[in-house]
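Below are two complexes that have chain A in common, paired first with chain B and then with chain C.
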Partner chain A sequence: MNRRWRHRLAVAGLLAPAVIVLVLVFVLPSIDLFRLSLGWMDAQRSIHSDVSLSNYWEFARNPYYHRMVWGSLKLTVWVACLCLLLGYPATHYMIHIESAIYRTVLYAIVVSPLLISVIVRTYGWVVLLANNGVVNGTLHTFGLIDKPVRMLGTFGSVVIATVHVLLPFMMLPIASALQGLDPALERAAQSLGATPLQTFWRVTLPLSMPGVLAGTSLVIALTLGIFITPLLVAGPLQPLFAIGIYYVTLSQLNFPLGAALSFILLVFTLAVIGLVGRLLGAINRNIA
Partner chain B sequence: MDIDVQLREVSMQYGSTPVLYGVDLDVHKGEFLSLLGPSGCGKTTTLNIIAGFLTPSRGTVGLAGRVINDVPPYRRNIGMVFQSYALFPHMNVFDNVAFGLKIRRLNPREIARRVEEVLALVQLEGYAARPIRELSGGQQQRVAIARALAIDPLVLLMDEPLSNLDAQLRRQMRVELRRLQRQVGITTIFVTHDQEEALTLSDRLVVMNKGRIEQAGTPVELYRKPRTPFVAQFLGHPNFLFGEVAERRGAATAVRVGGQIIWATSDEPLAVGAPVAVVLRAESATLHASPPPDRINALACTIDCTIYLGTNAEYEVRLTDGARIRVVEQIASGIPSHTDGQAAAVCWSPEDTIVLAGSRESLAEMGL
Partner chain C sequence: MRRYLRPAAALHAFSVLVYLFLLAPLVVVVLASFNSADFLSFPPRGLSFRWYVSLWESGVWGDSFQLSLIVMAVVTPLALLIGTLAAYALVRYTFPGKGVITTLIMAPMVMPQIVLGIALLGYFSSLGLIDSLVGLVLGHVVVTLPFTVRLVSISVHNLDPVLERAALSLGATPLQTFRKVTLPLLRPGLVAGAIFAAILSFGELAVTLLIAGARTTTLPLRIFNYTEYNFDPTINAVSTIFVLLALVLIIVLDRLIGLVRIK
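== the complex of A and B ==
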């Protein structure tokens, strides 16, 4: 066996476990899902597996699904922007802390949402935001309101709870990008006359773009498909993609339509991430 | 002479750890000054204080006659070359060099002209469009220098700029740095732990140790007349012999070393009986098969070991009291004139011998 073949074999060996797992748990089910989505359900709720595009036609025609897409998009934009605006400055601050203990404590706080079950965390928000919850109770005690402000079930409450859940996914990639920067780069910019703000815009931010990109993509992918958190905070009527799929599949038991919607969500998510990647890449080149 | 950079009583501590103790330093206009010392001696801290990245705990920093303690680094107009070069990886050569000029909002034509000028200075014409990652270490070094010079700074600071280059390139860049500095005439402060770099480059050098300046002077002054054993050791690793002052006649000083008398010169105020270290450079001593009768300093010895280096031979000899001395002999013939195990005499002139206060114990304490 010559060297080139040995090299190829080694590459194949290294890739094989990941490829096998991915094929078994993602690619094959996706194909299955797509096949299922081509079937249809008649008025007697029996499912036919002959090929038709009726589910996709239903999605294109019915305004209910358009509202759902719009709702998910709106939520994604809000969550991604808030995560970036809240996460970047906090991460930047955290990276520059000299005390190792203080830094570790802050890291632990950042990661802490990941350590608690989504359900518990979300019920925490329910307790806080309910009509007789902590926030309304406090406002009432201080005489700021007469009757409770409705927060639970609103779009705003979904945004807040989702940002809380997903913030670490924005901060950790940014932290790793910022940590990888040579501290001399910022000093070099300052020695050349750049104020701290100019240094940030021209050097730190462009060079941390890979982290911003990774974080934003993660948050977008997770928000487009988010399910438990909005369901618990805002109920099953909130016009969101994943909740719609849940409703169609488990309440109407229309598996083919649910499969079609799932497949559309998958393609849609990939498309949005691709778009965001190109957009941020272009911004990055312009700053440089 | 005009003074460009002036440190007065500058002290620095990180938390409760002091790293600089009352440093006084004058850097003259246009001179090339090196801060030399082992790692942790405070030389980089001193440089960062001048650049403005660190604020001294006490003392004042002056630049061109103005106290600049409260001036942030981006208003000091000081160029800096970093050990890692710190080139902006997302910009090409042109944008790196133009960075400071764009910040100063010069017009694009002026920027292009200036970038071309400094790139020519560091012999990188035609490299403007290259991305940084495509440059070799030596070329990155030149871009870093060009970028610092482009803003026409008052002072150029360099933090161990040659330490990431291989030995041959380092020698080449050394010559080039010197040429460049002379040509531009810019006041330069150069931090290094490499004595050879400091000796070859500097108009003046400052040896630092444990947060203090040990001695400042021209390379020849420091090499010929070190004032402390530390400076003597750091510049050239000489031989040390320990004894006490036996007699003084002006500068001529007799030192008793292991029962023998050595004559040396010293300007230091040393009393008779004081413990001293005799500094003898390996290059100043000569070996003779038998002691010449007219020599003042001639000690009997045995040759322990010969290291043959072609044009030089380095001998390690043992004196009668057991002390070891290194002697370097120039051998034009290429044949060493002594062999191992041979008895010989090691001789040197009192003018080439320095006497400094210090005992074997006090030097050992300093880690020498």
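== the complex of A and C ==
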């Protein structure tokens, strides 16, 4: 009895600081956000806190917001697919390299973006894609173009920069799943007569699905909420949900509407992740 | 065997391109920082260190640098301490509500960045913490906490409880056991957690952009403001510092826990 009590006290003491900080600086702000989203702003820009669903109604009715949702969905599909298509082969390659030094270097390339501020990485794309930037400069030097091709500000530039920022979040879970895979299983498949392609399709891929699932969900969640990267490469008018929230809140100063949109994005993100989780889970069961 | 050579070569070439894609914007920024031209120009005009000199001599960049270091110096020990205690409880003990607490701790990582930023903007406005050092520190602790918990957890997993029990049964007090056994064995995870907390706080912008202001312009925020409204090649020099810092830390992390184990 005494021991159980001491055990509980230890757990409570160890967790208390984290829980207190998170309740004060994460849970309460989130509840506050929902409460604010029920308020409204009048034409004189004063904010009323009486309960109203006008912001949610505004979202449902105004095609401007529907375009934002559509833009974010489009971006998410592009980014998730590209991250998977680029990330899986590159991770598979990295894991199976013989040379330890070369493998470490590749790992460093994957991990390094986590250690470099998102602003620096995005800024690199501004330098690359600007009208007087590296890509246009190179094309011009080789006489392939006469005047600069506009790349910054386009949807394509947002896709490229976002894939770059989020690729490690796809690759690291896949790497950890591939590492946990017993090489004997692949050898067994091959010795039983499977071709490398069959081995990959029937053994390696299904067994690395947990990593793919984790990576894809993470990339989707992060793409839906990303705003600094699109803001820098494409500006505040790009039709994206997260950019719209930023614009409504900080330029139009309509805080209740911004809060309502934030809340919708949060629910939307959770719904999409849940859906993708079930979908990939079903595919996984079919392959295996 | 010959038959499979070609797909392997294709995978090799494709993968190399992916890694070049990951490196490209970083390499470009570092090279551009030594370009002597006044504006963004490619091909570069000539080699020069003038942007590093102007960075060194400029007051505003220095102020931002100092502020970012101060925030980092407060956030790192806080996030590390809170995160270590939580990691220890989550790995070592089973208790009711463990799943809920784990989700709560990891939630700030998957919460859409803009939503977290807007939530803190509203909350801190009502508390008068916008554009304040306290607000920045609190925001950064919430953002870094999931990472410290995860990295320290790796070391707690590897720490055999038998070692601690042995120390206790040989007559060490709990405090002695903690200092002489637990702490040294947790060291790799603690250092990795500290490095991540420090670097994430130093580079944080998603939350900072919404809760900081004119008096609390951190280094990433100043880069953002400069890139958005005017162009100043000094940004290249600042960014290069970020890249070099990451390079050093990667080597340290690899020595400590092995890059392979970072997830």
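Criterion: the second predicted complex is superposed on the first by the 264 of 288 C-alpha atoms of A that agree within 3 Å, B and C clash if a C-alpha of one lies under 4 Å from a C-alpha of the other, contacts with A are read in each partner's own complex, and residues count from 1 in each chain.
Simple rule for what comes next: contacts are C-beta pairs under 8 Å (C-beta built on N, C-alpha and C of every residue); 3 or more make two chains touch, one makes a residue touch a chain.
Since this is a predicted model, take the numbers as computed values, not measurements.
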First (chain B), second (chain C), both or neither touched by A:Val203: first
Looking at A:Pro17 after the superposition, I want to know if it touches chain B, chain C, both of them or none. Which is it: first, second, both, neither? second
Touching A:Asp182 in the superposition: chain B (first), chain C (second), both, neither? first
Between chain B (first) and chain C (second), which does A:Ser191 come into contact with in this model arrangement: first, second, both, or neither? first
By residue count, which of the two partners contacts chain A more extensively, chain B or chain C? C
Chain C-contacting residues of chain A that also contact chain B: 196
If we count contacts the way the header does, which residues on chain C are in touch with chain A in the complex? 4, 7, 11-12, 14-15, 18-19, 21-26, 28-29, 32, 39-43, 81-83, 85-86, 88-90, 93, 95, 101, 104-105, 107-108, 110-116, 118-124, 126, 138-139, 141-142, 145, 149, 196, 199, 202-206, 209-210, 220, 223-224, 227-228, 235-236, 239, 242-243, 245-247, 249-250, 253-254, 259-260, 262-263
So in the complex, which bits of chain B are touching chain A? 51-53, 72-80, 82-84, 86-91, 95, 99-100, 103-104, 147-148, 151, 157
List the residues on chain A that touch chain B in their complex, please. 182, 184-185, 187-196, 198-199, 202-203, 206-207, 284, 288
Once bound in the complex, which stretches of chain A touch chain C? 7-8, 10-11, 13-15, 17-19, 21-22, 24-30, 32-33, 36, 86-87, 89-90, 92-94, 104, 106-128, 130, 132-134, 136-138, 141, 164, 167-168, 172-173, 175-176, 179, 196-197, 218, 221-222, 224-228, 231-232, 242, 245-246, 249-250, 255, 258-259, 262-263, 265-266, 269, 273
